[in-house]
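Following are the structures in question.
One chain, subunit A, links the two complexes that follow: it is found with subunit B in the first and with subunit C in the second.
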Partner chain A sequence: MAELHLIGQIIGGTEFSEKSICCRWQLSSGENWRVLEGATEGQTQLDTPQIGSVSSWNHPLDVHWATRGLQGWPQIHLQIYHLDDYSRTNLIGYASASIPTRPGIHYIDAPAWRPLGTFTEELMRHFIGGGVELADAERIQNGADRSRLRTEATGRVYLEIGLVFRDFKKFGIEY
Partner chain B sequence: MTSVATSNGPVTSTPLIATSFYYSVQGQIRHGEFPLNSQLYVKTCYHHGADWIFCHGIEEGLSQLAIQKSSGGRELVWNFPLQSSWKSTNPHGWPRMIVSLYGPDELGNDDVAYGYGSTVLPICAGHYTRTLAIYRPQSQSLLHKWTSWFTGRRPELIDPKTIALNEGRDVLRMETLGYVTVEFHTTFKDFQSLGYDSSISGPEKVSSTLPIF
Partner chain C sequence: MSSTKVIREPNNIFAENIKPDRIRHVVNVTIETAKEFHNCNHLYVRYVVDAPADWVLAEPKNLHGVTHQSRAGNDSSNHFGHRFTLDVSKSWQHSSSSETPDLIPTPLLLLEVYDVNMWNRQKSVGYGFTHVPLTPGSYSIAIPTWRPYIRETSLQLREYFLGLAPQIENIKYAGIPNDNHNNESPSVLGRFPFGTETSGSVQVRFDTMIQRGRNVLEQEQIRASINLHRPSATSTAVEQVIQTYHRAKQRLKAAHDALLG
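Coming up: the complex of A and B.
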């Protein structure tokens, strides 16, 4: 079995309409992949930057997979939340990214979007917060059933993904 | 393969196989940019997994107190050397360096906590520069904010290593106050002979990907 290590961090988010933001994340992978060590989901800290435009989460990622095949290469899914002055959490974005397929240190950004509701729902969101969320985020973030969504671009999330491959070449995988 | 000749004929012995790899890091904490502060010092420490052993170097460092240039530059220059050598059998738990910043405040209190940041040590051999965001816990209420400003006792983490962990981060409310630039030079021994490959050196930019702080 070949092994993959993901060692990196979720750096932070930027360009969102709010600055006090945090993020929930999950790493998903297919049936061929088995997680040997490390957490595959979590929630970052909430950061309000006093300088600059990046809300820094600096959240560690360290996962060790064993795999029998290339199908189901890991992906990361993120949900970005805003904590407002009244301590309510509002969802302000979904973002996904594929984990790169070459070893080394990669800096990638995941553009975020949020689903739009009807005119009334958006008006309510403007005044009292909240807004629409996906009922089944996992399905949508995997690409199914998106054709009925209308979404709006929000911000972007930066990730540092370091990858260590083991024994991939032994199984004939070229990268 | 080594073979030993004896009086009964050559006898072969098994080859030497590495069971652990070595990782060595040199570098420095170059400088910091803190628009709201003008004097700070840095404490460094490392967090690593159970399969890693710290062999050699400075495990907990303490820098000098750096002060901004009197002619008006913004940088606080530490130029603080970093050295660590590690031995491991498993990339999981790759060491992360945690920096904690302290300094005197305007009211004369010493050793006020100004923030924390961390970075994972580079997984490839080579020369790398990292920008660490430095953040500290926010005060929970306005009253707390004022009293902590007077007394110099700002909210701080009991254990700075918390920021290198996945668990328990969701309860933290932080505010980013500045950035620290760190440089690393890394080398390995026996990493590849154990079958590991992290060989593409340097950051690969898929799009305009580094955040502009």
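Coming up: the complex of A and C.
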């Protein structure tokens, strides 16, 4: 079996219009992949940007997979939340990024979007917060048919991902 | 931090073994963002992968699809983050002369960007294409798009008030139209009287890996070692002798297996 190590961090988010934001993340992979070590989900702390709109989470990622094939290459899925002054959590973005397929350090920015509701729902969101969320975020982010989903672009999440490959060349795989 | 037990298994289990004379490309394509589509509310991207006929695809339904609809946000770009995987394999023919390898027609990624307006009417606002990179690596490509230009005032008014814009009938026109594929008599691609105007651009990322069968690996290693020195008549002749030897060896092996099997 070939093995893949991911060592990196979720650096932070930018260009979100809200101030105190945190992020929940999951690493998902196909059936060929098995997690040997490391946590594949977590939640960062809540951060308020002071200079500009860059918030820093610096959340470590450290996962070790074993795989029997190239199908189902891992992806990271993120859900970004905002905690407002009244301690309510509002969803302000979903983002996904594909883990690169070359060893080394990669800097990726994942664009985030949030679902849009009807006019009434958006009006309510403007005044009292909340807003619509996806009932099954994992199914959508893993590539189900999204063509009828209406969304709005929000911000970006920056990731630093370092990868170490092992034994892929034995099976004739070149990256 | 809890300690997780690491399970070690024998290292020769791999479910996706490949036949010895095939070459397989796995490309993770992510349609990331679109920007500079002016006067557009909600955009979505429809994509089609146009692969030549001799490519075998593991999952044909991944060849076409639609992203979700996105309205531009603070940085005036539309965010998609839509990933799909192309898994194509081809049987690799070794050409007898190693000086100029055959040019392989590569698959094309064709894009059509649509705008959905307030009345739920969908109008195409951009066409673009790019070659799918088949050499291993990570590529981030900004695909520029165009749309047909309307000259007559009456049609311009129709487009402004009713949202009726001319559409390309077959999205493959944005890439290479079908009748240019045969190599016997390649015709010059001429689009001359067709007028277009520039539209926005779509950012796409490709992550490519190659898996080579055993015979392909051997041939590549021979070629790489010969080409280290300047190719000369002697080295070409030497290489041909080695190729002949390998072909004879494979014939012998095939006969051997046939006898035993």
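Assorted remarks:
Here, the second predicted complex is superposed on the first by the 174 of 175 C-alpha atoms of A that agree within 3 Å, B and C clash if a C-alpha of one lies under 4 Å from a C-alpha of the other, contacts with A are read in each partner's own complex, and residues count from 1 in each chain.
Just so it is clear, contacts are C-beta pairs under 8 Å (C-beta built on N, C-alpha and C of every residue); 3 or more make two chains touch, one makes a residue touch a chain.
Not measured: the values here are computed from a predicted model.
Using the contact criterion defined above for the overlaid structures, shared-chain residue A:132 touches neither subunit B nor subunit C, since it reaches no partner.
When the two structures are aligned on the shared chain, A:164 is found in touch with subunit B, with no touch to subunit C. In the overlay built on the shared chain, the residue A:70 is in contact with subunit C alone; subunit B does not reach it.
Judged by the touch definition given at the top, the superposed model places A:95 against subunit C, while subunit B stays out of reach. Contacts of A:44 after superposition on the shared chain: subunit B is touched, whereas subunit C is not. When the two structures are aligned on the shared chain, A:110 is found in touch with subunit C, with no touch to subunit B.
Using the contact criterion defined above for the overlaid structures, shared-chain residue A:173 touches subunit C, although it does not reach subunit B.
Overlap of the subunit B and subunit C interfaces on subunit A: residues 36-38, 64, 100, 102, 106, 167, 170. Subunit A meets subunit C in the complex at residues 1-2, 15, 17, 32, 36-38, 64, 66, 68-71, 73, 75, 95-98, 100-102, 106, 110-113, 116, 143, 145-156, 167, 170-175. If you check the complex, the residues on subunit A that touch subunit B are 5, 7-9, 11-12, 14, 22, 36-39, 42-60, 62, 64, 83, 100, 102-109, 158, 160, 162-170. Chain contact summary for the complex, subunit B toward subunit A: residues 35-36, 49, 90-94, 96, 117-120, 122-124, 128, 132-133, 135, 138, 163-167, 169-170, 172-179, 194-213. Across the interface of their complex, subunit A is touched by residues 4, 6-7, 9, 11-18, 26, 28, 30, 32-33, 42, 44, 58, 65-75, 77-85, 87, 136-138, 205, 207-214, 216-217 of subunit C.
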